[in-house]
Amino acid sequence: MRGLIISIISLLVPVGTALAEEKSTLNSGDTAWLLTSSALVMLMTVPGLALFYGGLAKRKDILNTIAMSFIAYCIVSITWIIVGYGIAYGSTIGQFFGNPFEYFFLKGMTPSTLSDNIPAVLDVMFQLVFATITVALVSGSYIERMKFSAWLIFTILWGVLVYPVVAHWVWGDGFLSAHGALDFAGGTVVHINAGIAGLVGALMLGRRKDTALIPNNVTLVALGAGLLWFGWFGFNAGSAYAADGAAAYAMLNTNIATAAAAIGWMLVEWMHAGKPTVVGISSGIIAGLVAITPAAGFVNVIGAIIIGVIAGVCSYYAVAVVKQKAGYDDALDVFGIHGVSGIIGAILTGVFADPAIGGKDAVGLLYGNPGQVVTQIIGVIATIVYSGVMTAVIIFIAKALTGLRVKPDAEEEGLDQSEHGEKAYNI
Amino acid sequence: MKKIEAIIKPFKLDEVKDALIEIGIGGMTVTEVKGFGQQKGHTEIYRGTEYVIDFLPKVKIEVVVKDDDVEKVIDVITKTAQTGRVGDGKIFVIPVEDVVRIRTGERGEVAV
Amino acid sequence: MRGLIISIISLLVPVGTALAEEKSTLNSGDTAWLLTSSALVMLMTVPGLALFYGGLAKRKDILNTIAMSFIAYCIVSITWIIVGYGIAYGSTIGQFFGNPFEYFFLKGMTPSTLSDNIPAVLDVMFQLVFATITVALVSGSYIERMKFSAWLIFTILWGVLVYPVVAHWVWGDGFLSAHGALDFAGGTVVHINAGIAGLVGALMLGRRKDTALIPNNVTLVALGAGLLWFGWFGFNAGSAYAADGAAAYAMLNTNIATAAAAIGWMLVEWMHAGKPTVVGISSGIIAGLVAITPAAGFVNVIGAIIIGVIAGVCSYYAVAVVKQKAGYDDALDVFGIHGVSGIIGAILTGVFADPAIGGKDAVGLLYGNPGQVVTQIIGVIATIVYSGVMTAVIIFIAKALTGLRVKPDAEEEGLDQSEHGEKAYNI
Amino acid sequence: MRGLIISIISLLVPVGTALAEEKSTLNSGDTAWLLTSSALVMLMTVPGLALFYGGLAKRKDILNTIAMSFIAYCIVSITWIIVGYGIAYGSTIGQFFGNPFEYFFLKGMTPSTLSDNIPAVLDVMFQLVFATITVALVSGSYIERMKFSAWLIFTILWGVLVYPVVAHWVWGDGFLSAHGALDFAGGTVVHINAGIAGLVGALMLGRRKDTALIPNNVTLVALGAGLLWFGWFGFNAGSAYAADGAAAYAMLNTNIATAAAAIGWMLVEWMHAGKPTVVGISSGIIAGLVAITPAAGFVNVIGAIIIGVIAGVCSYYAVAVVKQKAGYDDALDVFGIHGVSGIIGAILTGVFADPAIGGKDAVGLLYGNPGQVVTQIIGVIATIVYSGVMTAVIIFIAKALTGLRVKPDAEEEGLDQSEHGEKAYNI
Amino acid sequence: MKKIEAIIKPFKLDEVKDALIEIGIGGMTVTEVKGFGQQKGHTEIYRGTEYVIDFLPKVKIEVVVKDDDVEKVIDVITKTAQTGRVGDGKIFVIPVEDVVRIRTGERGEVAV
Amino acid sequence: MKKIEAIIKPFKLDEVKDALIEIGIGGMTVTEVKGFGQQKGHTEIYRGTEYVIDFLPKVKIEVVVKDDDVEKVIDVITKTAQTGRVGDGKIFVIPVEDVVRIRTGERGEVAV
């Protein structure tokens, strides 16, 4: 995929830089956009996701929910430059993971080391913010009952053993990359991965005493959704790795699919439950952002609209109907939104990928390449299996080390008090 | 002296307050409360799941008055807070044995 | 105007790209800045404006207020790529509007299609975020009484029939553009347009039962004002369509005028009403941002300060004195701030435009071109008439289809409950 | 320092622009990044810092706290283009300050005036946002007791007489710059400067009646910390004055040091006080951001981690132990965090500066140049003395003009009511 | 008639409410309060400094009932609100001299 | 037994609480309320329009005590809550017929 993106870029860049692949030179415009994109994706986690999740949590658990995202960002930032980046992008070991120590504390990288058109260290940074948000996303399934110490252990292990490995498969020299799986900005690596980890962990943690989702502060939900959308422009359009037409298309597709998904969720909620809600519109926004992530640079706007609407509607049913029936306690619907819309997006990328947008290596079913759908499904399944198994192992280890759940009393009293000794509002 | 506690609909507060002032009531204390009664609560829907909110927002007005004024106050509150629909609320009359005005230390009816 | 901007740019760009107009090449620096600017302007609406308006609304109406902005953003995103962009920038039909179907679902645009120095699709995106915020702005006049379904109808119609047409006049090949009206970033197209629509709609909707403006949450007002200011740097400096000196001047002027307007509003409020308030400072910020919008790339910093102070003071009087006397119920003062400061900015652009800043085609009264003021006034009047009439027609259609106002009981209970069935805070 | 940065840049930029210093040409990529960085740093103050401080304040003082940051931003924006920029960057007068009237209202600057690779006016803008946040930072020490009118006077005087002078020493042609003091993005100029001003002013203002720090709204603290972190990428990576490897390194170092500091603060708080808190993690974030500021473009990632951890731990002790014992009432710990971590960062820059990162003019103790530490310490002391004395004088003037503190009754009732006549929440 | 005021732990509210409905209580009013008692408050630590929060969040339930129902209600509340740990709360019984239903103007026991 | 209800200025709460503890009061319940009385409210101004806020923030303290302690408690509250300015508040004494400690089921004076 990385190679693909580069070849797309080279098509678009004016003649003077056609030699880019032979002898790299720094492009300051592309570098400016990747610096900006890195900052935007950082904002998605701290404070975007933290407040989105926090607003949805119960009043007595909001700070713990925020703390889970904040600390995940901090811990994974550190592990990433020790071994994470190496596992993801180091020389491949059997197409399964990269050499963990190849970039140990970024040894050998100076400001003038380039990675194609941008500084090498900027690639480290941009990939870092992807790793951090993926881990933080998982927390949404676990809130209101998990020990903070257990979450720290989970964060360290999952951030080293799961995320970078799947990133290697798809974006490094891994086997999915070799098979031509399309994942523009991380539908599989980020969202399916986090969604499955959320589901498996939620099952192992067990249900909360009070599983109601009555948001303590919907203004934070709206704020979080807005910051996530804003940051996602960096996530998706930054994944073009250049300030060019591919980036612009990815941004526009992201916007269109998200708008369509929000409208889709709102309408189906209106028909099914009687009213269109702000929490619903915000949830539809996230579903759309997730679904367009793998497709953003590959589909045309009609494809983007269709993907958005399908994601909005399906995630609504997953969350409002399926979860209720199945009875697992995925507190903030990480599986229902990131898992389900991630899978939808990954597969539909194989359907709608339009070579006029993404170039000759990104051709979907509708444009005569049914095999792409199969490739996509293989990618999805591989991720589900690996993420599911590894999450179970890691949760098991955390349980052994610290125990998983707070005491029943503490759960009732709220984790803000039991884990942090503080209160969100004195107003 | 008596304390008159009225549980009313929040949007009636201003009207009731004004009416009480008009009949010469010089003080009252108001608390935001939640009421449960015959009036059915509503449901809130988040992500397609319904939650029943059976406590409804109400306002409690407390007015301490001389015995003579009790009927007048009840009358005024009943009239102004009434919409005729379920959930209009209740008035309770409770005996008060003494009143103190903190500022002056005065006791009894003069302190009301 | 577009043409003008390009000619300014060409003055500034180094020799090597002087052929830009003959054969376009992509400039990655300019593209990076326009990508960033598009994201910044998006943030203005979702969640910036939504929270600014939401914080000012009553507690029981905050979510409905937020929903109006969010859904306007989503709906106009979709209509824009169907017909909106064509109406605004398609081949002109009598200098009145463009061919609606010329860019139907962006047909024919690929990532390598250029619009001068940037990808064509990026122009679509950047213009899209302008369209969305204009519609969302209008909602501030209508809150706390309008049916959500009526708002959806308004949004669709106004986003297709009003905004793109006025955009065509000023920035497309329309008659105002042909006459040399100056509007750097949308004072007329965005703010006067929205301000008049707000006023006309507020008159047709009628007064709320309780017209008090007692903000439920001033921290959201401050947050919203801050995000709007931040995003406005993309709005104004992005309108230079390049990362160059014109963009930098536009950014600095935006900052200076806004600071001056906030100070101006604060001081006049202090004298007139006894205290300087945070809601006042935040309102002054918006007034300044609005007034400098048409002038940002044309005036020098002294012009910017004067425009800012005048806007802050006049909007204060419009809101605090005139509105009270006139008795219309423009709930969040869209007319008083966007309309009034928009008109002030548009006319003063004709006074202060300094050719040393904006080039030889942007000369104001003070620099020897009194005719520019006349041209500006014509632009203002044309917009007022068209926006006023069309808004009335559209509100009338919405009334026929769904009715305009919620039931009196629902208004008392709050629209969060009646329209969305949810509550902002459970804290 | 400015000269140093430029020479670093010239090492990294491809051959074609090697003549940059002889004849400047505008680089659109660098310009795009500086435009973005300016916007990011603006966001740090309005609304980032305002909400961070506001959330930590008491419920009855939150709006006054927000107003202090907002109005500082506005006032310093204006003074900066009148005399501030001249004092900082005008022709030096005895290496002490620059000619105040050299850039009076930016006379002579047009959009095509360049400052090396970027528009000259963009340098004004980027430096402006630094000046504004420095003044706003000081307010955290003074809240909950200072008259708003006294704060306005302080803001005007300090923004003219203190910040630009210290900026001149370090970044203009001042004596510290001449002696080779290293301050990549403003550890001395911004943070030590603000920290000392906070301490001195807090001592002169005296203790509040109620010195408890019980945040009224921790969600705002988390939001503010997140926005500050996001904006700080512009602060530090923008200080490379280019979109290049130096900027990327500065961004990554900023991220790593901040993560390390947050983890450090959290762990020491956990051990010392029993629980890891969200206020603690957020405070650690700020400590880390402050400490890495002078070092961001000079140290390698291991240096960044060490600086971060030391800053997090030391600021915790300064705030939790030292302040309690010393008994001064630095309300929101501007000295404990910005002063202490600023000093740590400034000195450790002299220890860890790695020529492989920052070039041959930025060599620290560990790489064989112990003299750098001495130079750093001289810079710290000069700043402490000047900032301390001048702050005392300015506070004294404010006292004479308006009095410093609100009446005791007003302090009890809250400054939102007494100074602004409004209430933050009606919820 | 009597007003029964029960100060209980917040998380017991739903249980108590359900139990009261089950025994036929048709209305009640709930207020968020802060309690000080034998149950020790906790400390909150911000930036390393400890603050003692000695008021704990409690919920006050007010139910006005006929004299005959007093014991039943006390019984039900005591049972359901009990955890056996300090801080479970108190019940106070207060005389009520009259009750009015605002909607209809009915007085006395029928209005409860 | 009596319930003493005192409506006081919020910033006096800590002082009153400490004084009550000093004289051996073991429990109390506090509610945030809004008061209307002789003390005039203030006006809030948003964008130049004035709104009269005639309800002022007050705190209600409820303490149930044995009959013997009533005077002592009134005394202490009056003293500590007094500023001498309008709006200092009121104390109401209300009869309490029974008290129950939920944790143990104890009744009467021992339960206070």
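A, B, C, D, E and F label the chains in the order they appear, each numbered from 1.
Here is the rule we go by: a residue touches a chain if its C-beta (ideal position, glycine included) is under 8 Å from a C-beta of that chain, and two chains touch if they have at least 3 such contacts.
Only a predicted model underlies this, so the values are computations on that prediction, with no experimental measurement involved.
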Touch-network distance, chain C to chain F, counted in steps: 1
Mutual neighbours - chains that touch chain A and chain B alike: C, E
Listed pair (A-E, D-F or A-B) duplicating the C-F contact set, over half by residue number: A-B
CA centroid of chain D to CA centroid of chain E, Å: 52
Centroid distance [mean C-alpha coordinates] between chain F and chain B, Å: 18
Interchain centroid distance [CA atoms averaged], chain A/chain C, Å: 33
Multi-chain contact sites of chain C, meaning residues that touch two or more partners: 27-30, 32-33, 36, 214-215, 217, 223, 243, 274-275, 277, 279, 421-425, 427
Multi-chain contact sites of chain E, meaning residues that touch two or more partners: 31, 44-46, 94-95
Pairwise chain contacts, counting only pairs that touch as defined: A-B, A-C, A-D, A-E, B-C, B-E, B-F, C-D, C-F, D-E, D-F, E-F
Residues on chain D engaged by chain E in the complex (per definition of touch): 212-215, 269, 272-275, 277, 279-280, 283, 316-317, 319-321, 324, 333
List of chain F residues in touch with chain D within their complex: 11, 42-46
Contact footprint of chain A on chain C as seen in their complex: 25-33, 35-36, 38-39, 42-43, 46-48, 50-51, 54, 62-63, 66-67, 70-71, 73-75, 77-78, 81, 105-106, 110-114, 118-122, 124-125, 128, 148, 217, 220, 223, 243, 419-427
Chain A to chain C touching residues, read off their complex: 8, 11-14, 27-30, 32-33, 36, 40, 59, 214-219, 222-223, 225-227, 229-230, 233-234, 237, 242-249, 251-252, 255-256, 258-260, 262-263, 266, 274-279, 281-282, 285, 300-302, 305, 356-357, 424-425, 427
Touch list for chain E against partner chain F, complex: 2, 6-8, 31-38, 54-55, 58, 60, 74, 77-78, 81-95
